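Following: one structure in structure tokens, then a few remarks.
Note that the chains are named A, B and C in the order they appear, and that numbering of residues resets to 1 at the start of each chain.
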Amino acid sequence: MSSITAQNHTSTDSADSVRSYPRFLWWGLGEATNGGLRFYVWMFVLTAISLVGANAWANQVAEGMIITNMTDHVSWGLYIANFTFCVGLAAGGVMMVIPAYLYDDEEMHRIVIVGEAVAVAAIVMSTLSVVVDLGRPDRFWHLIPVIGRLNWPVSMLTWDVIVLNGYLLINLHIVGYLLYMRYLGRKPNPKWYVPFVFLSIIWAISIHTVTAFLYCGLGGRPFWNTALLAPRFLASAFVSGPAFIILVMRILRITAGYSAPPGPARTLIQIIRVAMTINLVMLASEIFTLFYTGGSHGASARYLFFGSHGHYGLVPWIWTAIVFNLVGTILFFMPAALDRSTVRIAACVLCIVGIWIEKGMGLIVPGFIPSTLHEIVEYTPSLVEWKVTAGIWAFGFLLLTVLLKLIATVFSGEQNAGKAIASSG
Amino acid sequence: MIADDNSSPERQAETNEGWHLPVVDQPSTRRTAMKTAGAALGLAAFGKAISPLWSIPENVSVDEFLQQHYKELSDKDKQKVFQRLEAESRETYGAEVTISDPKPVPGVRFGYAINLSKCNGNGACMEACNKENNHHRGIDQSYIRVLEMSKGSMDMEHGTTTYDHTVPQDDKFYMPVQCQQCENPPCVSACPIEATWQEDDGIVVVDYNWCIGCRYCEAACPYHARRFNWEQPEIPAGEINPDQGYLSNRIRPQGVMEKCHFCLHRTREGRAPACLEACSTGARVFGDLNDPDSDINWVLKNKRVFVLKEELGTQPNFFYFFDS
Amino acid sequence: MANVRFFRHQPDDTSAERQKSALPRWSLGAALCSLAIAGVGAAMTAEYSDDNESGIDVPGKSVQADSQPGSDDSGSDTGTSTSNFAIEIRKPPGPPRVGTGLKNVDGTEVTVACSTCHTTRVPNHHNKTVKELDEFHGGMAFSHGTVSCLSCHNERDYDTLRLADGSRVEFPDVMKLCAQCHGPQMKAYEHGAHGGMNGYWDLTRGPQTKNNCIDCHDPHAPQFPKMRPTFKPKDRFLEQPRTRH
């Protein structure tokens, strides 16, 4: 672990690392608040939306969740729908890690940190989505082992809490370590992050599998009680995650001039093509099983796709999602998608929105309609729920922007200084 | 991106000797001043945005915040908790109540059965539950839901809870559904913090002061037995049932789950649950499954009994039967 | 002449859709009184071997207070097995009396017993329907299968009832008569599966009160009356009431 450059570091590296850390954080804060007018406008708007969301949530905590549109019949709604999608987004980052580390894709190696930053932001968004859904967030400490009473391993929610926090820590460590080493001008020591990277590959699969297990283990909800739910989640995560990363890369290129080589995006597109096909095949399999057999097992699907007993609330949502997913898939398979083109961007946007609907409103809400006693009580999110969710997304983007700013500064700073540190470590 | 004053590590290395607060070294440029102003403004805006939260400490005392799980409270702790709750009830609702904590009777396992030949769907049980359990008055909440089902079918898809005509209709039968106090309860497995568990007499209870309101148990229950307090319950002082149990019918706080508890503040004292006493047609049978001579065991032995959603493996302690 | 009211303790309202409460209002007083005398009653009932105060007589089975189902002292866990509380079964006080519309000196109504008139008349075995009844009983509803009046009413003493074998049954013991034909219901009743109860499921800790058959079933038109549900769930976004689908 020797230092390469002529920095103010001598032999006691670890002591220096610790002492320099606050300075690193301060540097990060300064860096994160630097930019042109466009940047400040962007951050200001995001902050404003976050504050609107925070205020809406504070009202919800004070007045009770009665101001949402959730009921004893549909007791989970937009928040958990968003949570499910965001976990998928976080898991999608693994599709950059695998080519970079398992297959030694050099070009991917240099930008995999973007995927990890997205993962951090997405995990924060999913955690926030769950926290705002709690009836008593003041009792969060009950979840902490030892001082609270964590019902592990029986409750799937405890598994979810553990794996999500673990994934956040893993990715924070990787991103933080790489950034910090860059800041210190040192070559990152593989021993300190590569094991975590490999761990994150397995862990990413686990976060979305565990999230799926939350739903598919419940016998009382036949719409969810299918073995195919976890594979479906993973397949759609490996579409939405990489698609989101492609969009982020495009924005980085436009705003920061940070240009990645074309190879990694192509790899991601190839992955998306396969994953989306698998996702559609699984969806078709679900639809066949539900509709061909019929009976009360398919009651939720009937409500979702065609309406039931005079209630049609979700029909426009799901068909929009189906159309978006199909069109997006077709666009992904077009040759133009492999180049930097509008086709690629359109495909990404369509698939992200389509998957958000299909996995969120199109999975969580129909699980509750009809209720376990076969009553139909419909649900559309209230204004409070939309505000809070918008606030969560805005905060996630804030966090992502800060992380990407640091990453971009570090990378472009290196390029400017001509430092030839091979491989992003 | 253009690096700012405080960005480059090299610059900082040059200007610093040893370690001290970085903020001292910042040159006061316009940008820094604006950033500081922006940060102050942001913090103020944040404080204003979350200002509704400041009302929480009024409603949640420090003792309540720190209260441990029911199973970890000593008897003395419990006494303090009950006194606190009784005082809160006096303050918030203007009612004098007594909170008790009856223990399960050793050797007793409760069972409940409904005679579907007798139930005529009049809903007196729902009303009795509402009154006994100090439910929120706004929506006529109750732990029981009575389904009007078509004769010849057990499919709840053809059932309805909102019928509003003379009962019984000739082509219908009526099925009240409430917590089945399952032997294998999915809600207990779901709860991430053990706020709900099954006691020795079979009743699945909730510690209202431990629940965080995640509603996973409500998603897990196949019988729509669980209710969530979406808001602070409103009950006129005169209608409050003062005979309350800690794990049963005390007035629940906002944001926690609740469910039918077989009126354990009554049944553990040997009394019948409120719904059974209110039933106009005598369709309800309750007793001790471990007592071979109990009414419930007679029903299980002599009537053709079934349970709801048996294929889910929940093993309810709640049974249904017809007369012949 | 005033309408004969057969069950003086029943409310006057005979509309089909009356709200039925579990027990008539004064039963609370009766239940409390019976609780008070329960401890003494055990000693007192010992004097009455047949017609005990708190038990019922079923043909072929003499049921005493302390051998009611649930009060079995052979399997009790508590150890205090012998001192179970009683199951109190409500009983009509006696034969119904006819209101004459006239008033006594103290303002109470003058009533006559059924036998006052019926001892002066020859019993008419052909009377099977209400149409064939003259003078009193007019307006009475009757739909109890195809039994004739004198299948239950005792022609030798209109202030009592009779079983199929002609033996006499006092009005307070009317359940014996009901049980004669409705055995399955009586069996279920004895085990709490018919007719409900108020009080304690655990008879080692408190008593139970049960209704008499005729508290719910008018003997002349015994079908349980239709009711109107008055308490419905008013959940948010739940459509009220559900249209037929």
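Assume a residue touches a chain if its C-beta (ideal position, glycine included) is under 8 Å from a C-beta of that chain, and two chains touch if they have at least 3 such contacts.
Because the structure is predicted, anything quoted here is derived from the model rather than measured.
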item	value
Innermost chain, taking as reference the mean of every protein Cα atom displayed	B
Pair of chains joined by more contacts [C-beta pairs], B-C or A-B	A-B
Distance from the mean Cα position of chain C to that of chain A, given in whole angstrom	69
Chain A-chain B separation of Cα centroids, rounded to whole Å	31
CA centroid of chain B to CA centroid of chain C, Å	41
Chain B, residues touching no fewer than two other chains	145, 160-161
Shared-contact residues (touching 2 or more other chains) in chain C	235-236, 238
Two or more partner chains touched - positions in chain A	71-73, 375
Chain A - residues contacting chain B, complex	7-8, 19, 22-23, 26-27, 30-31, 33-35, 47, 51-52, 54-55, 57-59, 61-66, 68, 70-73, 75-76, 130, 133-140, 142-143, 148-151, 154-158, 161, 183-185, 214, 218-221, 256, 296, 299, 367-368, 370-375, 405, 408-409, 412-413
Residue ranges of chain C touching chain A (in the complex, touch as defined)	235-238, 243, 245
For the chain C and chain B complex, residues of the former touching the latter	17, 20-22, 69-70, 72, 74-75, 77, 184, 188, 191-202, 204-206, 211, 216, 224, 226-236, 238-242
Residues of chain B that touch chain C when the two form their complex	105-107, 113, 115, 118, 120-124, 126-127, 130, 138-142, 145-146, 160-168, 267, 269-272, 276-288, 291-295, 298-299, 302-303, 321, 323-324
List of chain B residues in touch with chain A within their complex	1-7, 9-10, 12-13, 19, 22-23, 31, 35, 38, 42, 45-46, 48-53, 55-56, 60, 65, 69, 72, 145, 147, 155-157, 159-161, 177, 186, 189-195, 210-216, 218-224, 226-232, 253-257, 309, 312-314
